[in-house]
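Below: a set of structures, written as C-alpha cells.
One chain, subunit A, appears in both complexes that follow, with subunit B as partner in the first and subunit C in the second.
This part shows the complex of A and B:
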C-alpha cells in the first residue's frame, strides 16, 4: 500500500524522533571536548595532577555520551536516502557536498583522535596528547559547521538553481553555499549552545559532589571552570540567537509570523506577544499578553519596517502558486521531450515560483483545473504549526536566560570562593542539567518545524520529498527505532548515573575480569 | 574525452577507493566483532582482542559514514534510489551497526558476566550481519534491482524485501564475511599472543580459503547471469538524466568488458594471488604482510565487480532502460570538480594521521595490559 499521506506523516515522525534523539548527545560532545581540552591545558602548563584527574574523569562520562552520539549519527547519514529519496535526488548535487566534506575533514579527525585521546595517555608526551585533545574538539566543531551549512541550505537556499535537463537543483556557486549568513549564525549559535550544555552538565554534577563534600578538590575546580566557560557561552548563544532570528525573519517570513503568533499584518511598530494561546484553525490568538511596540525593533532593528503577518504571507504565496503553474506544466513536457524550446522558455519565465506550484499540487493534483478553494487550502498550508513554534521558541529563550542568570551568579560566587556558603546554588545545580537539553530540542523544533511545509524553503515542499515506501515498512521502521533507541537510552542513563555516583576515585576503573 | 566524462570516471574510481577503504577497515573490525567469542575464550582474552582495535574502530567506521556522504554528493541518484529501494535491508544494516559503538564502549564498564555476554553477542550480530548485507547488496547490483522512475524522477521499488536475499546475493554476502574474518584474523594475529594468536591464524586461513572458493563459484555464476548492455543514447558527457537511453539484458554480458579488454583479467587474478599468498603468510606467521595482502584481495574483489559492470552502477531488472550508469547518475560537473578538490587535499591528510594513530598504538595487547589501563574497553 502506497498511501502517500500516511507515509509522509510517519516519515516526518521518524525523522523528527531520530534527529531530536541524536541531538540529545551532540551538544554535550561539542562543548565537553573544549572543556576537556581546557582542563588538560592547565594540567600540561602547571603540571598539577588534579587537572589530569579532572580530564580523565570527565572524559569517562564524555565517552559514555559519545558512543550514543556516534551510533545515532550513523543512521542520520542514511535516512535522507532511505526515507527522503526524492529530496535526496532533488538536492543531492548541492546538499550532499557539505555532508561528504563533513566526513572527510571533520569526522575522520574527531573519530581517529578520540581513540588516541582515550588510549594514548601513556604512549606519547603530554604536549602531544594535549594537541590530540584539541584535534578532537576541532573535529567535533568542524563537524557541526558542515552539518549546519547543509541545514542552512534547506532554510535559505543559496548557490543553486533548478536544471530541467536533470530535474534537480544543481550547484551554481560553492562559495554562496558555504558562506550563507544563515549558516554562519546557525553554526555559532548551535555550537555555543553545546558549550552551555557542557557547562551546565559539569557544574551540575560538581555541585552535587560539593554539596556532599565529596571529591572537593576536583569538584571545586571543575565547577569554577564550567561556570566561567558557561557564562561567556550563554551570552554568545543568546546574542547569536538574536542574529539568527534577524536573518531567519528576512529569509522565512512564515516562520517569523509563527514564532510570534502574528496573524494580521499591522502598521509598525507592533507589539511583542509574551504569552499567547494561538488557534491555528481560527487564525487568531485566543488570549495574549503583549508588550507594545517591542517586536518591530527586536526583529527588524528599525521602528518602521512592516513585519508580514500570516495573512500577508498567505496572500503572497497564492500569487506565487498561480505564477508557478506554467513552470510545472512545462516541466512535464520537458521530461518527455528535453528539446522542446517553447516549453523551456515557458519554464524559465516561471521558474522562480515553481516550488509554490509544487506545493499547490498536493491540494490540486490537476494543475490545469485549480479551484479557488484549492488555492485557499494550499495557502493555509504555507503557515507552519503556530502554537508549537510559538511555545518552543519561548521555552528556548526562557531556558537560555535562566541559565545565563544562574551561570552569572555562580561565576561571581565561585570567583569569590563563596560557592560553598551559597548552598542553594549547589542544590539547584543538578536540577538545572535538563535545561540546556530542553533548550536545544526546542530550538530544533523552531528551526525545522518552522520551515514546514518545505524541505528546501520555497523550492521543494515536504510532501514531494518523501520516498515511495509502503505504510507497512514505515510502521516497521518507526517501531524498530523507538524500541532500539529506548533500550539504548535506558542503558546510557543507567551507566551515566552509576559512574557519576561512583565519582572519580573509586569507580573509574572497570572491575577486574572474572 | 570531455572534462565532465573524465570527472564521472574519476568519481567512479573514487567510489571504488571508498568501498575498498570501507571493506578493509570496517571489515577488519567487523570480522573481529563477529569472531570475538571464538578468538577469546576467557573474558580477559576477549577484552584483549577488543582493545586491539579499541583506539581505531571509531576512526575506521568513518569510511562507512564518508561512503554515505560521498555517494550522496557524487552519485545522488544512486543514494536516493538504492537506499530507499533496499529500505528494510538498510535498516537491518544500520540497526545492527549501531550496536557496535555501545558494545565497544559499554561492554567492560560493568563486571557482570551476563552483561558482558550480552554485549559480546551484540558485537557478533553487528559484525556478521553488516558484512553479509554489504556483500549481498553488491550481489544484487550484479543481478539488477526492480525499480523505475516516474516523470519527476521519483523512484519506485517494486520488488520484495525477501527477494534481495536470493541465493546469489547470499553467496556474495558470505564471500564478504569470509574476507572480513580473514582481515580481522590478520589483525588479531599481529597484536595477540599465545592461544589467541593461534586461533586467529586458524580462522584467517579458513576465511581466506573460503573466500577464494566463494569467489570462484560466484565468478562462474556471473558468467551465466543476465548482464546489461547500453544499446543507445547514454552520452558520457551528457546531463545526469537516466530516462533517455535504451538498455538490453543479455546473458553473459558481465563478461563483455573482459572480452574487449583482456588485461582486465588481471583484476580477479589479483584476488587469487593476494589471498593465496596471504594464507601462506598467515601460516608462516607474517601477519602484517598477510593484512596488506588481504587489503589487496579486497582491491581485486571490488575491482572485479566494477570491471564487469562498467558503466553500470545500479541496473534495473524491471525496466533496464532506466538503469543507472556512470554517465547518468552522477552530480553536476561543478559539484564533482569541487568535491575532487576537497578529496585531493584531505584524503592524504586522513591517511597520514590514521597511519600515525596505528603506529602510536602498535604492539601486543594482552589481558595484563588491559587490566593495567583504566580507560581500556
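This part shows the complex of A and C:
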C-alpha cells in the first residue's frame, strides 16, 4: 500500500523519534568533553591526583553516553536515503559535503582520540593525554558543527541555486553555506547548550554525593567546576538563543508567528504572549496573558518594525504561490525539452517562488486550474503547528532561565566554600538533571516543527521529499526504532545509575587531595 | 625551555590572529565560540584550583 499521506506522516514521525532519541545522548557528549578537559588541565598544571580521579570517573560516565550516542546517530543518516530519497536527490549536491565531513569528523577524529583518551592514561605523558582530551572535545563539537551547517541549510538556504537542467539544488558557494548567520548561531547555541547539560549532570551527581557525605573531595571540586562551567555557558546559551530567534524570525516569518501565537498583524510595538492557548482551527488564542510592547524590540531590535502575523504570512504565501506557478509549468516543459529557451526564461523570471507553487501542487495537482479554495488550503498549510511550537518554545526558555538561576546561586555558594551547608541546594541538584534535556528536546521541536511544511524552507515542500515506501515498511521500521532506542535509553540509565552508585575508585579519592 | 615556551606562545598568537582574520569578517559567532569555550574551560579550571587554595587556607587557619 502506497498511501502518500500516511507514508509522509510515518516518515516524519520516524525521523522525529530517532532525532529526539539521538539528542538525548548528544548534549552530554558535547559538554562533558570540555569539562573533562578542564579537570585534566588542573591535573596537569597542579599535579594533584584528585583531578585525575575526577577526569577518569566522569570520563567513565561520558564513555557510556558516547557509545550509545554514536549508535543512535548512524541511523539518521541512513534515513535520508531510505525515507527521504527525493529530498536527498534534490539537495544532495549541497547536503552531501557537510554530512560527509560530519561522518569523517565523528568517526575518524573523534573516535580515534576517544580510544586514546580512555586507554592511554598510563601509556603516555600527562601533557600528551591532555592534548588528546582536547582533541576529543574539539572533534565531537566539530562533528556537531557540520551536521548543524546541514540543518541550517534546511532552515535558511544559502550558497546554492536550483538548476533546471539537473532538476536539483547545486552548491554555488561553500563559504556562504558554512558562514550563514543561521549556521553560526545554531552551532554555538547547540554546542553551549551541551556545556550546560554537562554542568547540570556533574553538579547533580556531585550534589547527591555531598548529601550522603560520599567522595567529598571529588564531589566538592566537581560541583565547583561544573557550576562555574555552567553559569557562563547558560549566559551564552540565552544570548545565542536570542540571536537565533532574531535570525530565524527574519528568515522564517511563519515560524516566528507560530512561536508567538500571533494570528493577526498589529501595529508595532506588539506585546509578548507569556501564556496563551492557541486554536489552530479557529486561528485565534482562546486565552492569553501578554506583556505589552515587549515582542517588537525582542525580535526586531526596534520599536516600529511590523511583525507579520499568521494572516499576513498566509497572504504573502498566496502571492508567492501565484507567482511560482509559471516557474513550475516551465520546469515541466523543460523536462520534456531542455533546449526550450522561452521556458527557461519563464523559469528564471519566477524561480524565487518555485517552492510555493510546488507546495500548492499538493492541493491542486493541475496548476493550470487552481481554485481560490486550493490557494486557501495551501496558504493555511504554510503555518506550522502553533500550539506545539508556542509551548515548546516557552518550556525551553523557562528551563534555560531556571538553570541559569540555579547555577548562579550554586556558583555563589560554591565560591564562598559554603555549598555543603546549603543542603537544600544540593537536594535540588539531582532533580534538575533532566531540565537541560527537556530544554534541548523542546528547542529541536521548535526548530524542526517550526520549519514545516518545508524540508528546505521556501524551496522544497516536505510532501515532495519523501520516498515511496509502503505503509507496512514504515510502521515496522518505526516500531523497531522505538523499541531498540528505548532499550538503548534503558541500558544507558541502568549503566549510569550503576556507576554513579558505585562511585569513583575509593582508594584514590579517599586519599588527601594532594 | 624558555625558548620553547616562547615559541609555543608565538604559535598560539599566530593561530589566534589567523582565526581573527579568517573568522572576523564572516564568522563572528564561530570566533565567539572559540573564545568563549576557552574562557569557560579556563574559568572552570581556575575554580577548581581556587578551591584547593581555600581548603589549604582553612586548614592552616588563615
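Everything below uses one rule, namely that the second predicted complex is superposed on the first by the 502 of 514 C-alpha atoms of A that agree within 3 Å, B and C clash if a C-alpha of one lies under 4 Å from a C-alpha of the other, contacts with A are read in each partner's own complex, and residues count from 1 in each chain.
We take it that a contact is a pair of C-beta atoms (placed from the backbone, for glycine too) under 8 Å apart; a residue touches a chain by one contact, two chains touch by 3 or more.
Quantities reported herein were computed from a predicted structural model and do not represent experimental measurements.
Overlay on subunit A: subunit B and subunit C fit together in the combined arrangement.
Residue contacts after overlaying the shared chain place A:229 against subunit C, while subunit B stays out of touching range. In the overlay built on the shared chain, the residue A:195 is in contact with subunit C alone; subunit B does not reach it.
In the superposed model, A:304 makes contact with neither subunit B nor subunit C. After overlaying the two complexes on the shared chain, residue contacts for A:163 are found with subunit B alone; subunit C is out of touch. With chain A used for the fit, subunit A forms the apex of an angle whose arms reach the C-alpha centres of subunit B and subunit C; rounded to a multiple of 10, it measures 90°.
Touch counts on subunit A: comparing subunit C and subunit B, the chain ahead is B.
Once chain A of one complex is fitted onto chain A of the other, the partner contacts of A:51 are limited to subunit C, with no touch recorded for subunit B. By the touch criterion stated above, A:477 is placed in contact with subunit B alone, subunit C being left untouched.
Contacts of A:108 after superposition on the shared chain: subunit B is touched, whereas subunit C is not. In the superposition on chain A, A:421 contacts neither subunit B nor subunit C. Superposition on the common chain places the nearest Cα atoms of subunit B and subunit C 17 Å from each other. Residues 513-514 of subunit A contact both subunit B in one complex and subunit C in the other. Contact residues on subunit A toward subunit B in their complex (touch as defined above): 56, 59-60, 63-64, 66-68, 70-75, 77-78, 80-83, 85-86, 88-89, 91-97, 99-105, 107-109, 111-116, 118-124, 163, 165-168, 170-172, 174, 331-332, 335-336, 338, 464, 467-469, 473, 476-477, 480, 484, 488, 491, 495, 499, 508-514. Subunit B contributes residues 42-44, 47, 51, 54-59, 61-62, 64-66, 68-74, 76-77, 79-84, 87-88, 90-91, 94-95, 97-102, 104-106, 108-111, 113, 151-157, 239-241, 243-244, 331-332, 334-335, 338-339, 342-343, 346-347, 350, 353-354, 357, 360-361, 367, 370-371, 373-376 to its touches with subunit A in the complex.
Those residues of subunit A that touch subunit C in the shared complex are 34-35, 37-39, 41-42, 45-46, 48, 51, 141, 175, 179, 181, 184-185, 187-188, 191-192, 195, 220-221, 224-226, 228-229, 232-233, 236, 240, 243, 414-415, 417, 513-514.
If you check the complex, the residues on subunit C that touch subunit A are 26-30, 32-33, 36-37, 39-45, 47-52, 54-55, 58.
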